[in-house]
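In what comes next, subunit A is part of two complexes: it sits with subunit B in the first one and with subunit C in the second one.
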Partner chain A sequence: MRHPEDMTEIIPHSPQFRPAFWRGMRAFTPLVPGVVPFSMVAGIAAVQAGFTPAESIAFSLIGYAGSAQLIASQMVTSHAPTVLIVLSSLIVNLRFAMYSASLLPLFVGVPLPRRWLLAYGLTDQAYAVTMGRPVTEPSPAAYYAGAAALMWLTWQSGTAVGALVGAKIPSTWPLDFAVPLSFIALLVPVLQRRPQVFAAIVSAVVAVAAHGLPFRLNLILGAVCGVAVGQLMQRWQAKSV
Partner chain B sequence: MSVLLVIFLMWAVTYPVRWLGLSLGRLHLPPFWLSFLQFVPVSVFAALVVPEVLGSPEWPRRLVACMVGGLLMWRTGSLAPGILGGFAAYWVVRGVGF
Partner chain C sequence: MNIWLLIVGVGLVSLCLRASFLVLLRGRQLPERVTSSLGLVPAAVLAALIAPELLYSSVTGTLDVLNPRLVIGLLAAAVAWRTRNVLWTLMVGLGLLLVAQGLGWR
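Entry: the complex of A and B
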């Protein structure tokens, strides 16, 4: 058991940093098998969108945004205007603001430049592992850094492999089909409750019905209708309970 | 459209959002926006994937394969069997001649 004054120790190579960093990394390992196929699909999707393997790898290193990478690649493939690609990515990325706000108390005492790096490493997975850390963890910032580092390594190697392999596979193979499959993988776990299920159904129906709209606006229209129905239903459920 | 521009814009809509919470302090979002954000991923993914699958020239094959893949992901709770099973179902349906 550590002393409470150790809690703000975040200096790398300090005796407190390394063990906490490794604990975070170890806590992340069960998530690796789930991240590998997803990251490979992101690499394949970028190549399918017409990026060279090097551009796909740069895209992943600089953007590093999981589902937004997939969405952007998919929209580039279907020739959506840049404004809409960026808007959709922004909407999907808004959750990161919530994550980083809720992680803030962990980073008290961490120097600003180091926080810039920690912010870059923020992902759904690293956030989830950090929030699920043992209550006794004395250095949560170092623990987060460990989890985020392993996520980053896994993701970047996966997209690189996906981009290099994806460029070699003949175009008659329906490789682009990996993209909708992995979106389904993102969709399945969140369809737990009825408002979510209805949001998805309404969004899909509207997006299909409005597929004739220019600029892939059916995506935005469907998503907005889905969110509205989900919220209405949740409110209605809360009242009737 | 330039690839470099897309990459830069992706950075511009990803990094600052991550940084926002860490720099502004605690974000106090009204409940309306919290629940709004909660429904964003599910709606965006559905609006993206369903027209994409149904709009494909070989949509019956893809629809079957997506249902198989989705079912496998739901039952196993992991991505790899879903993707592999989805592709397997695709080749089976294609091999059978549909």
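Entry: the complex of A and C
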């Protein structure tokens, strides 16, 4: 199974590992203020959906997927079956497969057990920081590990604080609105190209029109229609170039 | 009990997707069509999550294009566009919604 070049790059005590790990961590620091409120909202939303603070913290540690955590909390509130909640988390987390594919070339030489750990730490933010690394970075895997480690620490502290204070927040505060607001902050930056914009519009229209479906199936239906239209558009653009 | 099933289920699904190429399918390539649709997923999913929250009234549960959450959500989107900052987006959005509630606009 092993490639011959295994074992070289990401041995934690190798001289190259530490400086690259720190460089990744340092590159991640500007993202911390954006992650803190999002992670706190995830902790609060779970508690308000009926998770105990301990369950909310465990969800963050085991699931470690912001959008999926928020959707799960919402779906628990609307009494959706567990299978459907897990299916929705599969759909929102499909993007991780895309990141996983695109990071693969950076991980050549990393042994398998360590790959599992690095895969667990994969997030939108750590991915973005790693893809934006300086071209001269000699150890991208260690750089990624540093960015992912800081993301993990920030996220886990934020959700823990949110889970612990969430129970004390008066229910008259419209805090549920923090969830769509967090999604808006995530959506706006991904609307870079026309297929993405059209995918979003179609998906929004379908999700609103199908709002009457049970168990928030409108989410899945909307996303599938949106991706299909975006896909058609990409193909059409590719042909016309 | 169901909560723990949910936690483990979401955890497994997320880990397998993250590990998909890095560990499980090492070296294999997906067809171009699949990878290009993956790039559309975040935009589509997020829009489907947001739109009903903004367009359906949180009070009556009916479609209401004049409810404060739609107006404030669009303003928050403008803030997100300008600042690219989650904290600002949250503060402006929640602050405006509190003001709207205080003024009796629900």
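The working rule: the second predicted complex is superposed on the first by the 221 of 241 C-alpha atoms of A that agree within 3 Å, B and C clash if a C-alpha of one lies under 4 Å from a C-alpha of the other, contacts with A are read in each partner's own complex, and residues count from 1 in each chain.
Keep in mind that, in the parts below, a contact is a pair of C-beta atoms (placed from the backbone, for glycine too) under 8 Å apart; a residue touches a chain by one contact, two chains touch by 3 or more.
All values reported here derive from a predicted model rather than from experimental measurement.
Three-chain overlay on subunit A, with subunit B and subunit C in a clash. Within the superposed three-chain model, A:34 lies in touch with subunit B and with subunit C [touch as defined at top].
Of the two partner chains placed around the shared chain by superposition, subunit B and subunit C are both touched by A:184. Look at A:160: by the touch rule set out above, it reaches neither subunit B nor subunit C. Of the two partner chains placed by superposition, A:148 touches none, neither subunit B nor subunit C. Counting contacts as defined above, subunit A residues 33-34, 36-38, 41, 50-51, 55, 58-59, 62-65, 67-69, 71-72, 76, 82, 85-86, 89-101, 103-104, 107, 115-116, 118-120, 122, 174, 177-191, 195-196, 199-204, 206-208, 211, 218-219, 222-227, 230-231, 234 meet subunit B in one complex and subunit C in the other. Across the complex, subunit A meets subunit B through its residues 33-34, 36-38, 41, 50-51, 55, 58-59, 62-65, 67-69, 71-72, 74, 76, 78, 82, 85-86, 88-104, 107, 115-116, 118-120, 122, 174, 177-191, 195-196, 199-204, 206-208, 211, 218-227, 230-231, 234.
Touching subunit A in their complex are the following residues of subunit C: 2-11, 13-15, 17-23, 26-27, 29-30, 33, 35-56, 58, 63, 69, 72-73, 76-77, 80-81, 84-87, 89-90, 93-94, 97-98, 101. Per the touch definition, subunit B reaches subunit A in the complex via residues 1, 3, 5-15, 17-22, 24-27, 29, 32, 34-55, 58, 62, 65-66, 69-70, 73-74, 77-80, 82-83, 86-87, 90. Only residues 33-38, 41, 50-51, 55, 58-59, 62-65, 67-69, 71-72, 76, 82, 85-86, 89-101, 103-104, 107, 112, 115-116, 118-120, 122, 173-191, 195-197, 199-208, 211, 218-219, 222-227, 230-231, 234 of subunit A touch subunit C when the two sit together in their complex.
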